[in-house]
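Since the structure comes first, as structure tokens, the remarks are kept for the end.
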Amino acid sequence: MLFTDLINSLITDTTQSIPRFGVELCLSATIVLMLLMRLSGLDRLIPACLTATVGALVATFLAYKQFDALHAKDAVVTTHIFTGLLVHDSFTVFFRGFLALFLLLTVALTSLTGIPDEEDSPDFYSLLFGATIGMMLMASANNLLMLFIGVEMTSVPSYAMVGFLKGRKVSSEAALKYVVYGAGAAGVMLYGISLVGGVLGTTDMSLLSQRLAEAAAGGSGGLKDPEVRTVALGTMLVMVGLAFKLSLVPFHFWCPDAFEGASAEVAGFLSVASKAGAFGLLVRFCLALSGAKGTESLMISFGLGLGFIACITTTFGNLAAYTQTNLKRLLAYSTIAHAGYMVMAVAALLVLKNSPQAATLTENINQSIEGLLYYLVVYLFMNLGAFAVIAIARNYTFSEEVDSFKGLISQSPTLCIVMLICMFSLVGMPPFGGFVGKLFIFASAFKAGEVHGFMYVVVAFGALNTVFSLVYYIRVLRTMFLEARPADARPVPVRLVSWESAFVVTLAVFVLLLGVLPHMMSQTANDAAQAIAQLPNP
Amino acid sequence: MAAGLNAYLLVGAVLFVCGVICMATKRNGIGVLMGVELVLNGANVNFVAFSRYTDLGLDGQIFSLFVIVLAAAEAAVALAIALNFYNNHLTIDVDRANKLKG
Amino acid sequence: MSEEIQQLVLWLIPVAPLASAVITALLGPKLLRYKSHLPCWSALAVSFVCSLILLLKILPSIGSAAVDPGEIGTFAGPQVLVSGYEWLNVGDLHANIELRADSITAIMLSMVTGVSLLVSMFGSGYMSHDLGYPRFFAAVSMFVFSMCMLVLSGSFALLFVFWEAVGLCSYLLIGFWFQKPSAAAAAKKAFVVNRIGDFGLIMGIFLIWTNFGSLDFVTVLSDSARIAAVEVKNPGVIQLICFCLFLGAMGKSAQFPLQVWLPDAMEGPTPVSALIHAATMVTAGVYLVARCTPLFVMAPNAQLAVSAIGAATAAIAALTALTQMDLKRVLAYSTVSQLGFMFMALGCGAASAELVTPAVTAGMFHLFTHAFFKALLFLAAGSVMHAMGDVIDMRRFSGLKHALPITHWTFLVGAAALAGVPLLAGFWSKDDILAVLAEASHSKEHGLFFGVIWAVATGTAFLTAFYTFRAYFMTFCGPEKFPEEAGHHPHEATPIMAWPLRILAVCAALIGLAVGPTHLFANYLQKTMGLTPVPPESQHLHWGVMALSSVVAIAGIGLAWMFYVASPKVPGAIASAMKPLYLISQGKFFLDEILKALVVLPLVGIAKLATVFDRGVIDCIVDSIGAIPRALSSIPRQFHTGVVSSYAGFMWAGVVAAVVLVLTMF
């Protein structure tokens, strides 16, 4: 190939790719703008939270335009952009929209609660935007290199954000713990990537399954083949890295400590966004390795392994949450439990997709991904809602202990009712969104039970845990609603007509709407699922 | 006689295991971070070796370059956090980070 | 009218009150305060107008389009409008929220929304100084929403949800003044007694689910062959289902022996008593039995039980009402008694198959007219109470007809309608019931049974006229007397309270005449799913029964006049002459006490015994069970020592386990 041809093809590729990459570019531009404003001292005139809000708004608008087009059939054609490093399909667009919206909501929350202070805010928002771009890359990765870059780009700013509360001992401790384990997990993951990519001779994820099938067919054949085994080992190590990001047992230890040490806003961001990005990546990675001839049983075992981890994780998270007294820590354990529920969907996906009857199960395969996406969307609203209530109340009481919420109903009924909606949704009660999400996931896991009986056990664990989790959420609600506000407690006068209330009520309304009108989102989620599984519904 | 792929992979594996053991046993924060570097470089050796011996080709080399850059970024942030911890606790013994528990 | 507009109208009926409930609950305490009635009024007006459109425009138009001569005589009624929303569709689970309107629904909806609109107007005057003003209107809106959904439900599942929801609203409103211990106790009593009924309902629904495989009204009720097939497969099961459903109806509609909660429910604000505990919610049981007619047709024994319980309730409640001194309690017992009338009629289908439709028609017609005059009577009683400074004991006031002229004449119209004075609303519907019972008594099989029921009904009609006018004469006639709480010049109802009274009075006077003898009501209702339309030639007026019931009503009123106006000494003399009987009636047949002796005391005894056992054995077990989550919870927490190296230990152990697993898996 001539050099000029190469240049030409690069130019065409880039010019085609850039329009599809608009959201990420917009976020990057905002980062650069904020840093430049800081250099030139402009940030004293225009507060950084304003710049950040505008940037996030534009990005959300761009993402929404792409997202809105999803409703039209075949509007998003699966394209590989940037020489195949990234892939642009309905799944990417779904996550981009999701993450952009979440970024906007987080920026709005931080502007409302005044964390970070004015001095630090350009740095904080740069980190926040950078992490979001990383998550978008994770969700659209089509190459092992992008997988790793995405994970790192998410993690490194997250470490810094956890330690952002300067001069607080717990904050620095939380950040240190997070970075030590995070770096270790990233290293393990990278080693796994080197094995997978090296043995299969490619880093392009769309080629992995084909190469794996070739490896299984050649050599000593089948699963005994050392190459296949090495790939299995590498896959396992990559899963370890992702399990760390998803805070699955036994790689969850960082999560409660980091959340307790970080501010509620950061904890809310990490609990939703970094999980979402990691789930997007996990689904892509699992699908990339699925369906290779000769290795189906291996992938089903991976699916069952994930199911087993999911059971342990939900049980562990719910049990540990039972006796917590710090609300952020309680929600951190609840986050762990919820990651467990969502992993059940991925386990179901792996089991269904690699079963011998996969061809007849397309609808169920799509449904498992749809359930995961739906749950993520509901989780965004309900978990952010809960963390937002904590953050707002903290600004008045300077405490995040459950006891500081005693009898809050008498002073801020709005906050309490939003908390009630969010927590009932987290439990999975109808008619809130959490119920619908759980139902989708359990239904697909139940279907996977037809392929392997162990998945029935997984569903049973999920159902039992749902019941058990009610106990500790109710305990918080009882404190807020039924106990008397102590006379010496600091007042929390959040009025109904205020920005804070408007923010949390909006979140609660979405939680409710997603429960009452599931079609609003489930069809879009199903389209995204069909695009990534490359299995149109019959 | 040129060393084969397996020899390089072995070096990579040894580096990886050394790094893991270092991370697991060191109580000094900087020491743990050094363990991370060992693990990352173990992976780098793998990438470069694979690029020489399999059809991974130049992708492997590019990969290791990116890893070096990312490792530097990560180290920078990690060191900043370690410094912050030191400012608050006057030690970088990671076992002294035990306020958050339960 | 286009399909979309029809669906919109149907949805607006429940959604408007729901929106009002949410708005009032959120904005009421801070923003709306004493303007909280505005959302409620407008929402109920919207609902009412939509219900009328449904009643007068949409259903008739569908009916005329869908009437197929071949279909008359089958169960699939022509007047049906369905509006479904597919909520969830996961795997084999199809959860739909389906609104379903046919004739009976449209009639119930118009009645419910119309009466509640008037009551809410009255309420804004009545409650005007209450601190809980926004709470009142939020709860009333919520109640109307639940009640509309209850009658609009297209399946037993949804019906049960809103059956419970109306119960909850009723509980909240009985205990509206929760600071009063008696109100709190009454709310608790209503709650507990209703649970017994709900248990029956849920068992019935469960049996339907297991036997029919569906809870959809259309699937379960529209196909008589299918019901027969179920009966053949499991003999007796339909009867069991009917008894269970009727137990549910007994709880909600306060039938003997579950009627004890209703008189106590008068602790709530009077507009609430008018709306929930007289006109609307308590009729839900009647609606349920009428709706399930196709099931009851297959279970004659259940129908006989319905009639018998209805008759017993009617008689006992009427006898109790004779001696009550509390005006609202007289009305409460009369409500129980009239509900008994409705059930008496509903059971008549057991006599012969031709009687099923007239029986349901008679029961529903009485439900319909009763709503108007009973709401009127309660509101008028509320107006009296308002003027008398919340005194409601009839011994403490009298001769109010000059002080409260509007209240006086509206109450008189309501009382006359309840007593069955010819041409007023209650006359026509009670006459229908008596006629159906008379016809049933001619049947071969159960002739004697229905003969007795008919006699009880006639006697009760006489008692009704007597006790109603006893209350009227004691309150409005005689020497003028006010309690000191009222001040010197009792004030007549304000215009916002007076106008609902006037409108209801006109309805109570004319609505029976308008739709009864013209057969409008009967012809409309008979297009309900599950009913067989009666051919027009067999519809006729029952002159004999009419004459008899007129005589009975006049006699009752005359006797009341004699006792309480002409010679006021007589009642005292009779009371002392028949002291035991008087005491029985005064003591409400000691049902509360009997219930206490038969149910509560043994339970308390058992409870005492159980406490001993409990302290010793169960507590230990429960404590240890309760400690399990706590103990379990300490296990994961023990891993979280906060020490980095121990965390790292677990993590690396995890990695090693993963590696070993992969290497040894094959």
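Just so it is clear, A, B and C label the chains in written order, and each chain counts residues from 1 on its own.
Here is the rule we go by: a residue touches a chain if its C-beta (ideal position, glycine included) is under 8 Å from a C-beta of that chain, and two chains touch if they have at least 3 such contacts.
Given the structure is predicted, the values throughout are model-derived calculations rather than measurements.
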## Note on the structure
By C-beta contact count, A-C versus A-B, the higher one is A-B
### Query
Farthest chain from chain A, comparing Cα centres?
C
### Task
Let me have the rounded angstrom distance from the C-alpha centre of chain B over to the C-alpha centre of chain C, please.
73
### Task
Would you mind pulling out the distance in Å between where the CA atoms of chain A average out and where those of chain B do?
26
### Query
How many Å are there between the centre of chain A and the centre of chain C, using C-alpha atoms for each centre?
49
### Task
Going through chain C residue by residue, note those that touch at least 2 other chains and give them in order.
637, 640, 642, 644, 648, 655
### Summary
Residues in chain B with touches to at least two other chains are numbered 20, 23, 94, 97, 99-102
### Query
Tell me, which residues of chain A touch at least two other chains?
177, 180, 184, 188, 256-257
### chain C partner contacts - residues on chain A that touch it in the complex
177, 180-181, 184-185, 188, 223-224, 229, 232-233, 236-237, 239-240, 244, 250-251, 253-254, 256-257, 301, 305, 316, 319-323, 367, 436, 439-440, 443, 446-447, 468, 471, 495-497, 516, 518-519
### Query
Hey, which residues of chain C end up touching chain B in the complex?
637, 640-645, 648-649, 652, 655
### Task
Going by the contact rule at the top, pick out the chain C residues touching chain A in the complex.
26-27, 30-31, 86-88, 90-91, 93, 629-630, 632-637, 639-640, 642, 644, 647-648, 650-651, 653-655, 658-659, 661-663, 665-666
#### Entry: Of all residues in chain A, those that touch chain B in their complex
144-145, 148-149, 152, 155-156, 159-160, 163, 166-170, 172-177, 179-180, 183-184, 186-188, 190-191, 193-195, 197-199, 201-203, 256-257, 260-261, 324, 329
#### Entry: Partner chain A, residues of chain B touching it in the complex
12, 16, 19-20, 23, 29, 32-33, 35-36, 39-40, 42-44, 46-47, 49-50, 54-56, 59-60, 62-63, 66-67, 70, 73-74, 77-78, 80-82, 84-85, 87-89, 94, 97, 99-102
